[in-house]
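The first chain written gets the first letter, and so on, giving A, B, C and D; residue counts start at 1 in each chain.
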C-alpha cells in the first residue's frame, strides 16, 4: 500500500480499536506505576468510539474522517491522553485538508500537525517525559523520509523504529507533567505510559500500510 | 482448703484475672461465631479491674470484697456478660453477709444468689442458651452437696464436673437472648460463649480450694 | 490491623477528646469523657438519652444536638456504657420533665439502661424507654421484640428530637418515638468484616464473591451468606424483606435511609438508592424524605443498609423538622 | 472486586440517576446526566463551575448548591469531563456575570476546561480559572504550580461560593478564591489502594505494616512509603510538612479540614484531629473553623488528609457563611 485513501481509513481505525482493546490491561498496569491506572480504559474507549464514528460517517474525505475520529475520542475519553489524541487527530485533519490520499509527504504533514497540536494543548517540551517525546521523533523522521523521497511503507517503518528507541529513552527522563510529575525523581527508570501509546499508534499505521493487518 | 476466708479472696481474684487473661483470645473467637467477638476483652478487663479493686480494698470482710469486685466489673466491662457477672457478685455478696468464711453451705448460698441475680437481670429462662444454663446446675449441685454434708473441695469439684456437662449440652439449644438470638437455628451445634465463662469461673474456684493454683 | 490509632486501649477516649476539641457545643459530665451531653440544655424540655458502644459514628453520640438528643452514654468499641455512666448523663440532662431512653435492643445496653433508670427513679427522675429494633433480618415476624436495633433508629431519634423540641410531655414524646420505631424496617448487607482495635483481627471471614445479608453492626456475621450479585437484584432481595411487612395502599408516604457501614463509597449508596426508589415506587410508596450517607457504621466494614419508615400525619412533620448536631445537619425544605 | 454496582460501565450514570432521584435541587443540562447543575440559578450571580472525575464523592458535584457552586462537569471514574460537557454547564450557569472555573490541577481537566473556556469566550461568556493545588507532597516548595489539587479545594469552594453569593463581580470572586487556594496546604496518607470499577483490580499493592505518605486521590501510589506508625507520630510528620510552609506568628487564625479517603472510620479522623489540634496550638495557631468527615474520597481507599487554610479578615467570613448542598450543610454559629 503506497498511499492511504479514504476507503482505507475506516479499516485503519478498526485495527486501532482492536489493538488498543488488546493492550488495555498492559496500559492500565503501566499507568499504575506513577499514575491512576486508567490509560488502558481511556485508549480502548477512545478508539472504540472513533471506530464507531467512522462507521456512522459513511463515505467522506480523509480530513472529515480524522475530524470525526478526534471529536469521538474527545467525547468518549476526555482524560489527558484522550484529549491529546483528540487534539492530534483534529489538527492532523486540518493538515490533511483536500488530500485525496496520504502518501509519505502528506503522512509527514499529518504527524507534524499531530505533534504540534499535542505540544500546544499540553504545553509540554520535548524531554518532559510525555507522549511528545515519541511524537516529536515520529514527525521528524517522517519529514526526513519525505524529503528523501521514501515510499510510505519505508517511511512509516523508519518512524516506528525511531519511536521504539525514543520510548526506551523516556526511561532516563524525569516526569514534568501529568499525575507522574508528583513523583519527580522516582519516575526515572519508568517508561512513560503516554509515549507507549504513541509507539502503538505509529506501529499500527506502519503495519497497516505493510498490509500485515 | 476447707473454707475460703477473707484473706484468700484477693488471691482468688488474682487467679481469676490471670485465667481470664489467658483465655482472652479463645473467648474472642468463641464469641465471634454468633456474636461480636468481645467476650474475651470483657472478661479480661472485668476481672483485672476486680483484682485491682481487691488490692485497693485492704482488709475487708468477704461480702465487702465481693461487692467491690462486682462494682469494679460493672464499671470496667459493661457488656452483657460483664454486667451479669457484676450482678452475680453483688448478689453473692449480699448472700455472704456476715460470713467469716465460705464453707460448702455458704458457697452454695453464694452461687444460688449469683444465679438468681443473673436470671433476674437477664430475664432468661434455663434452656435459653445463656450463662444461666451452667449457673443453674452449679447452684443446684452445690446445694445438694451442702445438704449431703460434702466438704468444699468435693462440692466444688462436683459442681465443676456438672458445669462441664451442662456446657456441652448448650450445643443442643437455640439462642433466645443476646446477639446470638438473631441467628436462631444456626446457633444449634455451637457452644454458648457465656456458659463457657461460667465453667471457667467454677473451675477456677474448684482449683483454688484444691490448692492447685 | 491498619488503623489510625495510638494505643488501642485509648482509642475511644482519644476519639472523644478530638470530638470535644472540635465541637464546643457538646461536652462531658464531670471527669468522665464517656458521659456525653449538650453544652446548653433546653430548660423544661424532656431529656433524650441514648447510648451504646463506640465504633458506630455518627451513631450514637453524633445525634446529640439541636432538635435531636441531649446526651449519650459512650461505651468501649461495641460495648455498652455502664449504668453509672447512663445515670450521670440522666441526671445532667433531666430538666424536670423526665428523660426518655432511646437505644438499640441489645442485652448489655438493656440491662445497663434499666439499672440506670431504676437508680434515677430513686432520685425522682422519671424515665421511659423506647428501643430501636428495626432489623428485619434478626427475627421472624412474630418475634419483633427480639429484633436488633440498627441504622433505622435514626428515624426514632429524629421523631423524638422533634417531639421533645415541641415541648411535649414525656409520655407523648415516648408515644411518638415508639410509633416511629414501630414503623421502621431495616435490612442490611455486608461485604467485609471489621476489626475491633483491641481485638486486632477481623470478626469473621468472607469470600471474595460472597455477601452477608442481614449483617449486624457489631462485626457479627450476617444471617444469610450468599453469592454476591449485582446491585439491582441485591436491592430487590433486600426490599422484598421489607415489603413483606409494609404495604403502601393506604399509607404510602415513606422516609428512606440508605446507610453506609463504613468503607462503602457514597457513589455505591446512590446506586443502591436508585434501585430502592424504583422498587418503592413500584410498590405504590411516595418517598417524602431521603437520607443517604453514614448514619450507623461498623468501623471500616464494607456494607450498606436500607431503612424505610412508613410515615403518617404525625410523624411526617417530625422527620421534616430542622436539626443541627456536630454530625448531622438537616435543613427543612 | 466487591462493590455494590451493576455493570461497571453504567456505574457513573446510575449513581447520577440516584442523586437526581434523591435531590430535586440539582439537575442536568439536557440529556447528558454528566452536566450537573443547580435547579434554580441565582440571577446576576457569577457562575461557579467545577468538575473532574467520579469516585471522589462528595467531591466535586457534592458542593453544588446554595452559597456554594453552580455546576459541575462529571467525568468517568478518575477521568476528566469533556470540554463539550464543561461548555454545556458553562452556558447553563452563566447569568451574564461570567463564570469562574475552579478545579484541581490535573492535565486532563486543565485541557478540557481551557478548551471549554475558549469556546465559551466565542459565545461572549467570560471565564476565569482558579486551580486547586494544595498537595504539599506533590512538588517541592518552589514548584507550587505543579502541585495536585486534593481535599483542600473545599476551602476554595467555600470562599468562592460565599464571595459569589455576596454578588461580587467575577474578578473579585476569582481574587478571593485564588487567595483561599493559595493559602491552603494539604498532606495525605493512605493505608490501602482502591479499585476502579472498570479496572477491577487494586491500583497498587501495599504491605500490612506500610503507609503511603502523600498519596493522591486517584489511587496513584503515595510519594513516600513508610512503616505504619501510631497516629500521633504520623500526624506530627504530616504536620511538619505543612508547618514548613506556614507560620502563625502574625496570622494565626486557621481553618482545618480532616478528610477521610473513603474507608477510614470517622472515629479515626477524630483521633487524627486531636493530634492536629495539639500540633497547631503548639505552633501558635488558633483554629477558627473545623471540618471533619469525607470531603474528597478515592472510592474505598483507607486514608486521610489534613488541610490547613491560613485565614485573614477577608477569608474568615467566607468560610463562616452558611451553605447548603445535598452533600454539605454548614450552619453558621
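As a working rule, contacts are C-beta pairs under 8 Å (C-beta built on N, C-alpha and C of every residue); 3 or more make two chains touch, one makes a residue touch a chain.
Because the structure is a prediction, the values reported are computed rather than measured.
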| item | value |
| --- | --- |
| Set of chains adjacent to subunit B and to subunit C | none |
| Chain whose Cα centroid lies at the greatest distance from that of subunit B | A |
| Interchain centroid distance [CA atoms averaged], subunit A/subunit C, Å | 55 |
| Whole-Å gap between the CA centroids of subunit A and subunit D | 32 |
| Subunit A-subunit B separation of Cα centroids, rounded to whole Å | 76 |
| Per-residue multi-chain contacts in subunit D, two or more chains | none |
| In subunit A, residues with contacts to at least two other chains | none |
| Topology of the chain contact graph, where touching chains are joined (line, ring, star, complete, other) | line |
| Set of all touching chain pairs, with the criterion as stated earlier | A-D, B-C, C-D |
| Touching residues on subunit D, where the partner in the complex is subunit A | 75-85, 106-108, 111-112, 115, 135, 137-140, 146-148, 196, 198-199, 203-204, 214, 216, 218-221, 223 |
| Footprint of subunit C on subunit B - complex, ascending | 28, 32-38, 40-42, 74-75, 77-80, 82-84, 87, 121-122, 176-179, 181-184, 186 |
| Subunit C residues touching subunit D - in the complex, by the definition given at the top | 2-7, 11, 14-19, 21-23, 54-55, 57-58, 191-192, 208, 211, 228, 230-232, 234, 262-274, 277, 290, 292, 294, 297, 299-300, 302, 304, 324, 327, 329-331 |
